[in-house]
Amino acid sequence: MTTKARMGAIGVLVAASLIMAVPAVAKDSVTIAVPAFLSGPAAGPFGVPARNGAEMVIDAINAGKLPAPYDSKGFAGATVTADYIDESGGNTKQVAEYRNLVQKREVDAIIGYISSGSCAALAPVVEELKTLTVFAVCGTPRVFEDGPREYIFRTMSHATADNVAAAHYVKDMFPGVKTYTGINQNYAWGQDSWRDFELAMKVLMPGAKQSDKVQFPKIFAGQYGSEISALSLDDAELVHSSFWDGDLEGFIFQAAPRGLFTKKKVIFTVGGTAAYRLGKKMPDGLILGARGPYGILVRDRKTALNEWFIQTYFDRYGTYPSGPAYQYGQAVLATKIAYDKAAAAAGGFPSKEQVIASFKGLEFESFSTNVKMALAGGHQALTENVYGLTKWNADAAEPGVTDVKFYPAECIMPPDGVTSVDWIEKGMPGAKC
Amino acid sequence: MSALLEARGLNKSFGAVTAARDIDISVAPHEIVGIIGANGAGKTTFVNMVTGWLKPTSGRILYEGHDIVGRTPRQITRLGICRSFQVAQIFGSASVFDNLLIALGIAEARGLAALRLLRRPDLADKADALLARYGIADYRDQSAGTLPQGVRKLLDIAMAMVAAPKVLLLDEPTSGISSDEKFELMDVVMGALKEDGVTVLFIEHDMEIVGRYVSRVVAFYQGEIICDAPPLVALADPKVKEFVIGEDLHNQTLLQGGVLQEAPDARG
Amino acid sequence: METTRDWTIPGVTVGFAAVAVLGLLFLPDWLMNLTVIAFARALAVVGLMVLWRTGLVSFGHALYFGLGAYTVALLGKDDGISEVLITLPAATLVAATVGLFLGFIVRRYREIFFAMLSLAFSMVLYGILVKTEALGSTDGFNVRTPTFLGFAPEDAGTTLRAIFLVLCALCWTVAVLVHRYLQSTLGRLTTAIRDNEIRVEYLGYSVAQAIHGKYVMSAALAGLGGGILAIALGQVDPDSMVNWTVSGELVFVTILSGPGSVAAPFIGSMIYELIRTYAFEWLPHAWQLIVGVTLLSIIFFLPGGVWSLLARLRRREVE
Amino acid sequence: METAITILLDGLVFSSYLFLVSVGLTIIFGVMKILNVAHGSLYAWGAYTSAYLIGVWSEAGFGDAGTFLMIAVAALVVGCVLGFVLERGLIQFMYARDEVIVVLATFATFLILEDVILLVFGVDPYFAYQPMAYLGSAELGGILRDVYSLTLIGLAAVVGIVLWVGLTQTRWGKLLAAVIHDRELSVAMGIDVTKVYVLTFMLGAVLGALGGAYVAPMVSVAPGFGVEVIVLSFAVVVIGGMGSIPGAAIGALVVGIARAIAVHKLPEVELFVVYGVMAVVLVFRPEGLFAPASARKI
């Protein structure tokens, strides 16, 4: 009996494996997977715009409707089929799902990932499974610092840029700051962000002191009453935060009536996503970043690509695109360019290796900025960064930013082969600001 | 006379209620002692103290000359004092045969021996022998949870006997058994116990049973022993007549108080 | 109790041998991966099944699962030990040791109190891991690629196959040993304890000790399962390894499998993993709903788990 | 001194929140011996419904004072409807089953309700800031505080006192005590145990939903909202003693104040406070500080 049951189970397995073993279709189409948070607290502020941005750009690519020079159809002519999958559920689950994507669904490329946790966990697996993977948003510098990567590309600057630029902005705009503190989530993203900011402040504003009560609440904690009290009582005039997802919005809601934003200067390195969503509830005078030149901070950048992006997005989704929409769109665009370039070089549909070869060191004009795949052997992008101050635009009845300052990538990113911490600690040698 | 089991100055109180007061009793090997008394007289409390379920407030219980107060039921079982229950304590989801097999397995389970296979011919033979001796072989493969009362009782007693105890305490072996069956049951039980030469103390309400099977009667009233004598003498004692038999006739159908009665015979 | 011959040991022997051989020959990587994950979880479920037979359900075995996983991961951290011959026994041992200590507390409790106390203990570990920056906090960290008796596979496919084979062998060993255990007196003191603790005590065996032993055994098995999962996935983090939802998943698979046989957890776990994978693929927004509905259906319509279904089929065949 | 006041207030606010979210769990557990994992879903449903209703109310231009009514309506409607449906549709069939199987059933319910929330309310967070804006801010202990979160303390106190009086002083409370003590005997005494169970479950559900409904204006109500709460409320209940209302209050106070102290004095250990307190309690009193539940004796 037991034997029979086992044999039955094996039968199912074998049958299943035979069904799955049908060979992949020839290359008139490219299958990609686009992971982003579709559930959980990060879905609304990040996952949905990210997905939308990718979807919109992919549809435009398939229709050949991107503005020139990107108006050729598909990835190297092949239609792109995208599967949007959920990034929530923990890193280990992402690793398991990634294996499924590659081994079971046999996708050609994976474009996405928002959380630094996902990317750090996936990096070794990507290399093991040898599949082209373009990280779209996640910011941890560790991805390329932990070892050479052949199959991973990241099409935007990493978190060091956000926090070094933040320190520059503070120095430029508020040189009188004497002490500063921070509230960041207790995981790689928050810890790294704070570390880079603190180190950069030591270099750029050596006179300013760091508070000894820096807060690290758990991600998705939701309630920050005590933390807001502690920050309010702290002497520091400046608060640094890399909060994102629902935490960011909850924090703003709880801190605004308590006067935190009138009493202190508060930097939100990823605050851009909240601007359109909170609308008038977004307090004025926040120092706002969007992890680069995206979303509200480049609302006025008048390039053809940017205008197309904003208009198309607004028409389709009824809201202006925020950072993650741009960043996912940018990752898809980069992949298309790499495919097209490889096809041109190979004179036919390119192999994975050819795509990777042409991806390395790619330089292109993206929707809102220029991207140079210049670091980590051509795998890590250099993009500029930008900060501004929030200001409600009463005339247009929409959120806006003032005092916008751009910082070139060479000013805020470490040169190739140097880790972020080393670079900042040594006083950011070679920075071109 | 060297006593096998002896209680000296045993007291037990639950808050304000005294369930045992200055109990002195001495039982010689191979005696068969009937314990009688009305409900709440302290009979089951006495059994519970002897088997380690309850700890006396004061006093000593000597078994083969050693004080066993403070030992757990398990340790006392291992020493050779076993018991049956007013509500039969059996493994409801196992067959009658398996009940005995488990009991036999536990009896030999010291250290690694607990990992010996249970389904072995030698254990099976012993189990079958027990089944035959207690007259329940017909129910061998029936699930114990579905047994008629009398068979449950027999199984309960058979399991108590697996460890080959020197002293067996039976808590109302005939309760819940119809009057035409009870002599049959007692004949089986007492016959089997005699073969093993076990010292028996049993709680009984039915004076007919008491008169027929015991060599000595101990009567309880309000936690005290009011009479300790051979059956004929005891049953004729005026105090026994007034406080035990008289009251008991009225109350026989009522449930008897006591801790074990509340313990479920199966997880419920 | 039927006295027919017990086919379990030949059954699992042939079964695992067949899975191993056919797996190597036919299984695509993803399905082999899925099998590895399912079997790793099944090892923990075998322990939970023994507890369940005893009438105890632990909602905190993610504690041991996580301990095993983190032990393996930590040993390999910073170019440490990657040899499965060391890491897996270590995972088992660490989990068993912690189980031994906590066992002194939990063995006093039954039913819902046992379940909740176990859960509480697992949350303490969760809290520690989430807080510990050196262990990557909520991110966790990568696990080294394993070596097998010094053999270090070159590529992912070989590693997977090696893990698969080691796991099949381990599962077979565990199934046989646990089955043998269940045939012993101590093994029979599972349902017996569930039926009647008083009788067990009055037969002269300590219920607390018997439960303690099973608890340690289940902890060890969960540790082993967690260790293998860490190796197979190459990543550990608190949410996927130690959170209460992981414990819930383990209990779910236990119920799904049913207590009928040591082979049941392996089949049940496989089914669970397939349901989860396909639900996630077809309905990424509603996969939890599907899992939840499955669980409710099992509770209501198949209280004996999948195994009872197989057993029923067999009975029909015989008739 | 200022810091001391701030710590106390912070601690009280957080304790009140903890008490509100865990008291429903402990009541259901105390009476029915069910660890209701779906409690987190009730909390989330309460929050979503409240945020939704507040939005509708405000858009209709009815004035912000009325949003408090919406909070109450959300708690009552969600608690009564979901509580009734869950008890009658699921839990009542499980009384004959193992308690742990019932826990699993509520776990399944939790999984299902999580996704149903997504299907009904979508993934976009809801904001319901109106009640908070309406009450404004006040300076206390040298820093500005929003009055709304301070009202949380009052609400928790009222809920706690009402429950305490209701359970110890009223006929209904005594009935409940009888059912808790001995279910079979209660049936024999003519108590309608079914009704008691339904009402208890609904009461617990209303309290869970109330926690969510009242917290909704302070946070962004987003998917996954209920998960964290299960763990937190469970920890409070374990610390206080499973099934004890004073226990839940003490547990909430201990955790809340300890956490506030940590945030202000030693931010590094903040996260560990809940689990740390729980670990200490478990080692010395596994049954919790106020433990009506005892280990099974043998």
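Order of writing sets the labels: A, B, C and D. Residues in every chain begin at 1.
Note that in this section a residue touches a chain if its C-beta (ideal position, glycine included) is under 8 Å from a C-beta of that chain, and two chains touch if they have at least 3 such contacts.
Here the structure is a predicted model, which means the values were calculated and not measured.
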item	value
Chain labels contacting chain C and also chain D	A
Per Cα centroids, the chain farthest from chain B	A
Chain ID, smallest distance between chain and overall C-alpha centroids	C
Comparison of A-C and A-D by number of C-beta pairs in contact, larger one	A-C
Whole-Å separation of chain centres (CA-atom averages), chain A against chain D	36
Between chain D and chain B, distance of the C-alpha-averaged centres to the nearest whole Å	50
Distance between chain centroids, defined by C-alpha means - chain A, chain B (Å)	76
For chain A, residues that touch 2 or more chains besides their own	38-39, 186, 218
Residue numbers of chain C (touch at least two other chains)	55, 130-131, 198, 201, 285
Topology of the chain contact graph, where touching chains are joined (line, ring, star, complete, other)	other
Chain-to-chain touches, reported pairwise for every pair that qualifies	A-C, A-D, B-C, C-D
List of chain B residues in touch with chain C within their complex	51, 72-74, 77-78, 82-83, 85, 89-95, 97-98, 101-103, 105-109, 113-119, 141, 159-160, 162-163, 260, 263, 265-267
Touching residues on chain C, where the partner in the complex is chain B	1, 55, 180-181, 183-189, 191-192, 194-196, 198-206
Residues on chain A engaged by chain C in the complex (per definition of touch)	1-10, 13-14, 16-18, 20-21, 38-39, 84-86, 89-93, 95-97, 99-100, 102-105, 116-117, 120-121, 123-125, 128-130, 186-188, 191, 218-219
Residues of chain A defined as touching chain D within the complex	38-41, 43-45, 47-48, 88, 186, 213-218, 220-223, 225-227, 229-230, 232-233, 245-246, 249-250, 253-254, 257-259, 263, 277-278, 281
Partner chain D, residues of chain C touching it in the complex	55, 57, 59, 105, 108-113, 115-117, 119-121, 123-124, 126-128, 130-131, 197-198, 201, 207-208, 244-245, 248, 251-252, 255, 285-289, 291-293, 295-296, 299-300, 303
